[in-house]
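See the structures that follow.
Here subunit A shows up in two complexes: once beside subunit B, once beside subunit C.
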Partner chain A sequence: MRKKDLFLARRLTGRYASLWVSVLAILLMLVTASILLLLIGKDPLAAFRSFLQGCGMIPKAKYGGGSGQLTDLMDFLNYLAPMILASLAFITAFRAGLFNIGISGQMLLAGFTATVIVGYNKALSAAVAKPLVLLIGLAVGGLTGVLIGFLKYRFNIHEVVSTIMLNYIISYLTGFLINSNYVDMMTRNSKVCTPEARLTLTNVMIGGLKCKIPLSLVLAILIALLVSFLFRKTVLGFEIKAVGMNRRCSEYTGIRVSRTILLSMGFSGAIAGLAGVAYYMGYTNSIIPKALPGMGYDSISVALLGSGAPIGSIFAAVIVSLFQQGANYMSSSIGVAKEIASLITGILLLFAACGNYMKYLAERRIQQAADTMQPSPAPGEQEDKEVKAL
Partner chain B sequence: MNDCIVELRHITKRFPGIIANDDVSIGIRKGEVYALLGENGAGKSTLMSILFGIYEPDQGEILVDGKPVTFHSSTDAAACGIGMVHQHFKLVEPFTIAENIVLGVEPKEKKLGVLPWVNMQKANRQISELSRAYGLEVNPTDRIMDVPVSVRQRVEILKMLYRGAEIMIFDEPTAVLTPQEIDFLLQIIDNLRRDGKTIILITHKIAEIMRIADRCAILRQGRLIGVREVAGASAQELADLMVGRQVQFTQEKTPPQYREPVLEVQHLTVKNEHKYDVVRDVSFTIRGGEIFAIAGVSGNGQGEIADAVAGLVKAASGKVLLNGKDMTGSPVRERTLAGMSYIPEDRLATGTIPDMTLQDNLALREYFRPPFARKGILNQDAFRSYAEKLIGTYDIRCAQGPDTVIRSMSGGNQQKAIVGREIEEQTNLIIFVQPTRGLDIGAIENIHRQILQERERGAAILLISLELDEIMSLADTIGVLYRGEMLKIEAADRLSTQEVGRYMMGVKEA
Partner chain C sequence: MNKVFTDGLSFALPLLIMAIGALYSEKSGVTNLAVEGFQGVGAFFGALAATLLSPVMGNGNQLIIYIAIIAAALGGALFSCVHGLLCIRFRANQVISGVVINILSVALTAFFTSAANQAISGSASNKFVLDVSTRFSVPLLCGIPWIGGLFTNMYPFEIIIMVLVIVLWYLMNKTTFGMRLRACGENPQAVDAAGGNVTGIRWKAVMISGALSGIGGICFAYSLIGNFSPSIYQGFGYLAIAAMIFGNWKIGPTTLACLMFGLAKSGGLQLCIAAQLPSIYTDLFLMLPYVLTLLLLVFFSKKNHPPKAAGEPWDKSKR
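Our next item is the complex of A and B:
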């Protein structure tokens, strides 16, 4: 009886505590979302099924000509790639103790610059254009990040403030430039990029189905592995973590703190820049003027749900993307406004952010259980028993 | 035991893995100063947290005025007239002294019969009167963030008095004070006793107990070892009871054998962020094999000298030479590689990264070079074997070995880890700032022995301490700092404690 009771508490304090917190956050989110759907008179199971169907995870009842489950799955992956990159951007700064909420702005600026320079240049071949897009994304995002880091250490401007301000500047500046030079009169968006520059291959026929192939997904997984390697294996990663956890001790140790802040903010911005080109020159093929991508903010949920781990965030990105990308189909099939996807993401963020509180509750629960065990064994024996129970 | 105002009977409190209090029974008489003596982790603070309602005991009962009581929170305890001054003060920094004192029990009135309103003028007046009555002079309208630590402590005492506390618990009240401030506090405690208040003093400083306490309970590893009338006990007896073995108060020191000069500080001036000179034109030299101690009342520029030598703050003018090489403008890493170690004052804020593991913290001076890292890639095996070696050499107690998170370790073991990490570098210069602050006797003994060992090895040692006893027993040369100026530099055997004390107060010719 007691063992069963303590199952969750043991998991939440054990070695894989972070993983269990995420699992619990997802379960709690599902329960909360179900209650919400029941309240508006919809069947939660049907809703969750349609989210999965919209992402090509399970087959729909019927498909239009030339499309099928694989089409939906590839669309989903096309959305997933920039989402992974954006959350990796957040993590890289977060580990240095910096809260980069300007990922949206960095994505937009990088996407816009690459679109204008490469996307509209019809002379470039795919072999030149695609790498050039990535380079521009890296450089523009990276420089923006370095600027934020510079403002922080030189003028002591908090990165949250400077990134919010930069988000506005970037959003209106690019909006102004698009509306005055690059607007498509029909869609009111920016003109589309050339297929040579686009990071997603479109209209590829696989088994008679028209599919998109997101090349940026390979990039996203590669970057995740790189970031993971940076923090687990390298001197620089160690220094970034040290600065994030105790800046004063890092100075005392001899770490060049300002350089570390500049670098981690630069990395963060550079990865956000990649997310930007993967989003604007892959997932979409044009830019809506004066609109920041919501993905930049969703990436914070993803990073928290993945408990700041680069590989964990790939899985977290899958969860969040399922709702965001599946929302359209869900909306049309069961008639719930697609904004519910953002609501669900918000609920998920809330539960994921409660992770430490969950761990605390679990610790207290275990302690209470230990207290009530009478007569109490010596501390050493007690520990042995717990190990066996696990 | 009918004359007891507070009785704790058979109190047992367990935390995961340890028994903090094991069947402890004590009775405290009205109007006495009752000391709880014990090393760090002996269970003193836990026992008092139980009395103050912060923890509930697993077993046992609490009697106040002979009646059994159950405390679910500190509010319940306060209602029974129990107050506590915590080691870390609980004050709202931007609020005034008076606002902090009345917080939660504000003198409320109704303006025009309906509008609730706090009469701060009245509160200010009451607090002025209260502070004069007990000799705890404070200005009620000063903000907490503008007043020094000693005044903050007075505010905490006034907070208890304002709430009408009869039983006052002081948790290590002298840990943050200078010698003069300690004298003052002990005087206040004496006044409170004369006024009929009951005082419980948690401490591990035996000298204070001898001076002020009536009775003393000794705790060791959660158990009550004994209760002594202080008048009939000796300091040696109390120390032996506390530690559980014979304690040696003074260290054996060999005659000095000086070598080449290692650290030369020439006309050093350091400014703080307000462009004010906190260190003024200070010069001194430390030779190998010499312990140079800087004495002074807290906040006279000692910390800034250490930080300037270590490269954490910039020198406004003057020079710092290490092994004859000018290091004035060099970054920290260049200095440590040239042969400097530094044990800083604040273990958690500066000396360690508390949320990292012991293994990572022990490698903080080494992680960037072979065998810990090659071409920017870390070698975890080197981290682990180095940590295991240091844990053994310096007897660092840690629950999960190299993977223990520093924050979860006791203060004494955190300090062992820092001292071990720095000494292991075998540098020519070692800076110790307040190396024994907040440590128990066993740990202090241990660190003093290590300082002397390094001296014998031939290292130059800069020791900065607020404990005059520590300076007198270890130093070869003493420099006394007053308002950023070095008033006197003299061989330690040519200065008496009284003379050093006078220089510390700013008297130029003692």
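Our next item is the complex of A and C:
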């Protein structure tokens, strides 16, 4: 028992500590979710299997005509792409110590603007329309981000407050514009955008199966690599991290904090804008008025589960998307309310948020074990530990 | 004109009690973005109590409302323990904890509302239908020209909230507990050195915050929305936080900020009706309080004095 404890404690303080925290959070979430499912009288294993089936990870019992496992998998990837982008948006601001709670709003505004300008323009060919959509997404999201950064350093308005206010303003404003100008009378959503502008190719036949091909997934992985490069290799990335760790210290070392805040918030907004066009002009092709995408909030749990690492967030996005996207099939096959997906995401976030505490406990346990083994640890060993901690 | 004041006040007061809830938590040094979640879960417990009691005590029994308010306060306080556990015990990032709770509460209430409805009535509806609250007018005062509207058609809970606000102001500013609570948000080390229990005070503050938010939530469910459904999450909690920041973490100015939001909202709606605009224009007027907040924050944020230690987990060994 004691040895096992130490095994976990060593992992939680070792080099891959963040990874182990995420793994532990996922395990705890699975246990909690299983208990919850057992309490309402459902078989947890069957439920988890149907989540995977809904995402095309394992085959379902039967399929409708023209669709198969690949169709589900492509649908899943189509959802995954904006999720990765949105979590990258959160990470870029988070590293600078800023909380971009307004990813939903930035997604909605970018998606709406691109839909209106490009999505309804029937004259544009695909080669012009698709890059234009991306550019508009980048610009609109980026400008919103810069505005938030500006309010932060010039007027001392906390970014959490300004982003929340902007979320509601954007939601009501786009809702009004859609209802007054662009509403589809049948669906009550905005009119659909042209296939030329859409970032997902629909109804492509692969091996006799109707599939969607999400082009935005390539973009998402590209941006993940770019953000990773930014933080690992560039001066700006270093400055952003420094500001996030200690603002005053960075100021004294000569980093222009205001510029760093503006840039990181701008980047964050721009990537959120890309997520917005990938969501509204890829995953869906219309906008529900006055509804902020829940993905903006889910992306926070993805970023946290990936412990703020760009590449890690790709894997974290897969896990969170599995539950969100698989919920529909799970709900219809097992008969549990769809909301359980958000519940699971919330529980996951709950455990991921305790990551620092887990590390702290692990460190204390190792310390205790060392104390009981030998009253005073040898100097060489202690040094070794310190090097590891760094 | 009267209607502007009547509706404005019935919107402002639940908002105020939530804002004071957030204020208590932040003054003790725990950043609280979770008000939105607290009020939803509190309202859920209140509505659940009302739904369970209404067949026993008879439909339309006004006593149920008071029981619902107490249930909401207890439920909110219970749920706020999650925030306390994360922020105080587990030293998690307090902003993230707030976001976690808001996500969790929407899912929790939606999930358990359908489950409870399934168990009670057999149909998995996502809302609890609530009785209509009676309203009354204060004699004499409602006859005052111009501001008489403030005293007409009042909900009973408005009086409860007004009394609570005065009690809470006294507790915060005139008692030892209040002084220690404020000190916890500025310099917890000093409180510890003086023999106060920082962890205990923060726990109490967070639970008070949950209880007050729960009261705010059930009041909105009874007045503005008329039932309990996912539409309780309209961002009132966030608006309350904005009012608190705008009021510079003080109860007096926060009250004024809430009144302003309430009047801006009801005034905008009445203007929209008076000008006979189509109903889609109401969205533009609903946007008004948020635009107003952002603009006013631009002018007033510079002088703000947030609690110094808010957002930092307390570490006894730190100096």
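Everything below uses one rule, namely that the second predicted complex is superposed on the first by the 368 of 390 C-alpha atoms of A that agree within 3 Å, B and C clash if a C-alpha of one lies under 4 Å from a C-alpha of the other, contacts with A are read in each partner's own complex, and residues count from 1 in each chain.
Keep in mind that, in the parts below, a contact is a pair of C-beta atoms (placed from the backbone, for glycine too) under 8 Å apart; a residue touches a chain by one contact, two chains touch by 3 or more.
Not measured: the values here are computed from a predicted model.
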First (subunit B), second (subunit C), both or neither touched by A:Thr202: neither
Touching partner for A:Gly254 - first (subunit B), second (subunit C), both, neither: first
Which of subunit B and subunit C A:Thr32 touches, first, second, both or neither: neither
Touched partner set for A:Asn328, first subunit B, second subunit C, both or neither: neither
Partner chain in contact with A:Leu236 - subunit B first, subunit C second, else both or neither: first
Which of subunit B and subunit C A:Ser67 touches, first, second, both or neither: neither
Subunit B versus subunit C, judged by how many residues of subunit A each one touches: C
Overlap of subunit C and subunit B interfaces on subunit A (superposed complexes): none
Contact footprint of subunit C on subunit A as seen in their complex: 40, 99, 101, 151, 155-158, 160-162, 164-169, 172-173, 175-176, 179-180, 290, 297-298, 300-301, 304, 337, 339-340, 342-343, 345-347, 349-350, 353-354, 356-357, 360
Of subunit B, residues touching subunit A in the complex: 14-19, 58, 310, 312, 331-333, 336, 342, 344, 349-356, 360, 364-365, 367-368, 373, 376-378
Contact footprint of subunit B on subunit A as seen in their complex: 233-236, 238, 241-242, 245-246, 248-256, 363, 366-367, 370-371, 376, 379, 382-383
Contact set on subunit C toward subunit A in their complex: 33, 82, 86, 90-93, 95-97, 99-100, 102-104, 106-108, 110-111, 114-115, 124, 235, 238, 241-242, 245, 280-281, 283-284, 286-287, 290-291, 293-294, 297-298, 301-302, 304
